[in-house]
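Look at the two complexes coming up: chain A is in both, with chain B in one and chain C in the other.
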Partner chain A sequence: MNRFLRWLGIAVLVFIAAPLVIVIPMSFSEARSLQFPPPGYWLGYYTAYFTDPNWLRPTWNSILIASATTVLTMALVVPATFALVRHRFRGKGIADLMMLMPLAVPHIVMAVGYYSYFGSFGIVHTHLGVILAHSCLSVPIAFLVLSANLKGFDRTLERAALSLGASPTKTFIHVTLPILRPGLIISALFAFVQSFDETVVAIFISGRGAETLPRKMFDSIRQEADPVIAVISTLLFLAVILGVTAPLLISRIRSRRTRIAAT
Partner chain B sequence: MGVNIAKLTQRTDLWPWLLLTPLAVYMAIFFVVPLADVAIMSFTEPSPTLSNYERVLTGGLYLRTFLNTFVTAITVTLCCLFVGYPLAYLMASSKPRTAMLILLLVTMSFWTSFLVRTYAWMVLLGNNGPVVWLLQTIGMERPPQLLFTRFSSTLAMVHILAPYMIMNIYSVMRKIDPTLIRSAESLGARGFSLFRHVYLPLTAPGIANGSVLVFVICLGFYVTPVLLGSPREQMIAGLIGNQIDEFLAFGMGSAMAMVLLVVTLAILAIYHRRFGLDKLWG
Partner chain C sequence: MSSYLQLSGISKVYGQFTALEGVDLDIGKGEFVTFLGPSGSGKTTTLMIIAGFESATSGTVEVAGKSLFGLAPHERNIGIVFQNYGLFPHKTAAQNVYFPLQMRGMKKTAGLRKAEEMLDLVGLEGFGHRYPKELSGGQQQRVALARALVFEPSLLLLDEPLGALDKNLREQMQIEIKRIQRALGVTTIFVTHDQSEAMSMSDRIVVFEKGRVQQVATPLEIYHEPETKFVAGFIGESNLIEAKVTDAEKGEASNAALGAIEYAPTGKTSTGKDVTLMIRPEHIRLSRKPVDGRKNVTMKVETIVNYGDNALVIGKVGDLPMRVRVLGADVVIIQEDEECFISWTRENVYLIAK
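This part shows the complex of A and B:
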């Protein structure tokens, strides 16, 4: 079984990697439609992306919406996570479950709900509508990350600060928050990415007014498969590579530094 | 001191509720109410009857779509298992450095937008793409239409959802005590029998986790089947989308959405009773 599973594993590796890698050469292709291998290479579609307002506007919308979503999500989730992780109270089990519910409901169902509900307020096709919807969908992921961090928090540090005379507020600001910072940053990052990548709800409620990048990409792929999509895909993939490897590189540099400091 | 600590952690019973209130209010207004709106519309649009459900649960098109969705979700789950298990095994049995590199690749795939990966499969499977070219080179004169078929959307969904399966299985495999395997071997278990009676049962929790997650996500999958699948063999999410943005048939769309929601929640509820929902994404 050993060798068989291993070979199968290597084949799967190719299956996982190939689609990710192929968008890179495609983005430099001269072809107007999907064609691989490319007939020739140029940077024309990069210029097209960075100069075409039809692509830049959705990009900007997405950044704006994801940023606002992150702020709103964190403002709601941070206090709630403290309540749920550090306190025992009646109804906690249900509250815990409710935090995860947006993950359990298919996005298409929420899209139908938001389309009609926001329609009655007139905030369909607005930034506000998308931000409000995305904040809901980002709650579980931000909560999961933050609560995992908070559960591993060594509370003796807080007790030490308190026993040395710091007020609970001071302890929170000078001890709890700094220690929790990496967790907070990762949690916020996850909320941002969740909103930035969210497609289904955005397709139905972002409309022309607040068109997000995924919505624009979806429409474009559906209609004509504009070659600019390869450019955006490459840029998004590069962002992912950076995001995934950066923590590793940082920790490696740090550990090297401490090793040097130790010698 | 003791009082202070008690203050920070407990204060009164009101404190946790105070911290929880903003989120609770927000979720009530922007999560529960829109969902309730879907439920209400399924009964009241265009007129207050059960006719939407009657049509959804008896009409040929709708039943066929439900069936198709189920078959696709099962196929995708099995394929993810078939693909994910060997890779997780490869990771668990490699040197830490190699395992790390593979995990890095899987993580990258996981974080890459569904749309980007869907587009990539469009390139790979297109009529002028590398797969067709390969088929022609090995002698197939007229390669079959790959894109916009059930095959292409299933394949892309397997690729998109495989990381969920791989990570779940790997996290279980990594924790398996090697002495268990060795003692099984010393007791005479070899090859397939070792796998069947020792390794497979040990990894079962990871398989269960991964499968539930993949199956549930697949049931409600919209983007990939709509972009890559055959328009004649839609999945349920695509059909709901059609009802809303083409026909503005909110009643029918909502009734189908409710069916999807109930099935999804039922599966997750069963899972929750056995394992706890928080384990699924943790």
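This part shows the complex of A and C:
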């Protein structure tokens, strides 16, 4: 029974990981369209990705839009989280609900809404339009992450700082902010990834002018199944693995260093 | 003693609930004063009003003749050690101690040097580079103390700082805190609900109950001459006996179970009044036979709680429960369910008017 459960566990892992792993060999494939297993291997599609402006432009668009979305999201979420976590006021329940609404509403519904609403301002098919739409989707995620961190924050630390002569502003800069830094970074990272990854809204409103990478990949797979898609997937996969492991590695090296310094 | 910290008519009302009612207090410079009381008695509220984290509904707080009214906590120059220490986890011990100096514009090299000196004083030489999580509870406590003292505050407030420590460490820190406080001569208010802590550390104790100050006195006065029944019951153990004064001039009262009881006469009461008499358990002597020159009664022993060096004998005189504390060696003369004599003198009986 135990052995059966172990094999079942492994099978589930393989099932989940397979689509992630399968794109890696395909990215080195010689085939003219997506095909598995690949008939032969070369690096041609990597060269194609890094030299073709039709791929590079959406890449830059995505980076730009995700960065701007992150900045806007955090500018809204940080004060909102402090207000909603630390203060009681009339309508707080409704405010809480509204913050989380975009998580519950299907993206396709939001997309249709943005398409017609932003159309009346003339910002469909612009960077600004996509940034605004993506920010709406990123806010609840960033808010959830940050509010969990803020709820766990020991407010005695702020009282201690005040008693030691730090003004409320200095207390925020020297105590609150540094202690919340990991939460802020993770929150911003989620906002960035959410925007970078978002496809449905991008298909509706990004147009040719602000075409994002996921949208371009979607168009490409419909028209020609260009193996460059596998290249991009592999690169993104690599970026994610780096993003997840780098902080772990850094903290491990740091703690080893302080342990050496302490002895 | 000239007054350094002065609280006048401090009250605090939360809606329907009165947390503090007319607290008046004068504390001299360099004094070590303990606020003692059960939780919810108003001692921490009073501390937070002095620190500026709470505002009083009415009344004034003055330090060295200057009112603290309208000053924010960071403008008050008061050092506080919190119950869970409140050390900044992202700063080393030395950086924590340097923080108040940094806020006062002191340069980093000079400030860190002063922080290290302060850490030496609290017995943490060479621990400056450690982060709080790399320190034990007692060490964290010392860092918090150093941090609250390094900027030469006008007052030091300690909010149940020893609550999180185990018993041995707690006793050690009591001695340490006293030593450091004496060395620096800083006026200190210590909040606790632990009466032995209050007894061993304080110059004076302020006993709080239900938002009121019950008594302000030295530990020995509090112990031997409690002004209210609450103080008598809260500090140390006591036998509290309801009695009626039969002769206020001579100092005589009577109780149904004990009969006539003589007490040291005070001018506080008059004949015919209902009063409470207090006899401390360690002032009662336990014996097989009655002892001459003492008031003797028979007690039926119910329980003996042995502590090794001493024992608590709990029994009944008639239907009145009595507690007697005897030295460990003396307890062998008696066993549970036996009868024995307990005795005391007039001087052992203390009358509480209220």
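As a convention for this text, the second predicted complex is superposed on the first by the 260 of 263 C-alpha atoms of A that agree within 3 Å, B and C clash if a C-alpha of one lies under 4 Å from a C-alpha of the other, contacts with A are read in each partner's own complex, and residues count from 1 in each chain.
The working rule: a contact is a pair of C-beta atoms (placed from the backbone, for glycine too) under 8 Å apart; a residue touches a chain by one contact, two chains touch by 3 or more.
No experiment lies behind these values; they were computed from the predicted model shown.
Contacts of A:Leu162 after superposition: both chain B and chain C are touched.
In the superposed pair of complexes, A:Leu13 makes contact with chain B only, with no contact to chain C. By the touch criterion defined above, A:Val105 lies against chain B but remains apart from chain C after alignment on the C-alpha atoms of chain A.
By the touch criterion defined above, A:Gly122 lies against neither chain B nor chain C after alignment on the C-alpha atoms of chain A. Chain A is touched at more residues by one of its partners, and among chain B and chain C that partner is B. By the touch criterion defined above, A:Gly152 lies against neither chain B nor chain C after alignment on the C-alpha atoms of chain A. By the document's definition of touching, of the two partners only chain B reaches A:Ser33; chain C does not. Touch criterion met: A:Leu236 reaches chain B, while chain C stays clear of it. Of the two partner chains placed by the overlay, neither chain B nor chain C lies in contact with A:Pro53.
Contacts of A:Gly93 after superposition: neither chain B nor chain C is touched. On chain A, the patch touched by chain B and the patch touched by chain C overlap at residues 159, 162-163, 168, 171. Residues 154, 156-157, 159-168, 170-171, 174-175, 178-179, 258, 261-262 of chain A are the ones that touch chain C when the two sit in their complex. Chain A makes touch with chain B in their complex at residues 1-2, 5-6, 8-13, 15-20, 22-23, 26, 33-37, 75-77, 79-80, 82-84, 86-87, 89, 92, 95-118, 132-133, 135-136, 139-141, 144, 148, 158-159, 162-163, 168, 171-172, 193, 197, 199-200, 203-204, 214, 217-218, 221-222, 225, 229-230, 232-233, 236-237, 240-241, 243-245, 248. The residues of chain C lying in touch with chain A in their complex are 51, 53, 72-74, 76-80, 82-84, 86-90, 99-100, 103-104, 129-131, 134, 147-148, 151.
Those residues of chain B that touch chain A in the complex are listed here as 1, 4-5, 7-10, 13, 15-20, 22-24, 26-27, 30-31, 33-35, 37-38, 41, 83-87, 89-91, 93, 102, 104-109, 111-124, 126-130, 133, 159, 162-163, 191-192, 194-195, 199, 216, 219-220, 222-223, 226-227, 237, 240-241, 244-245, 250, 253-254, 257-258, 260-261, 264-265, 268, 272, 277-278, 281-282.
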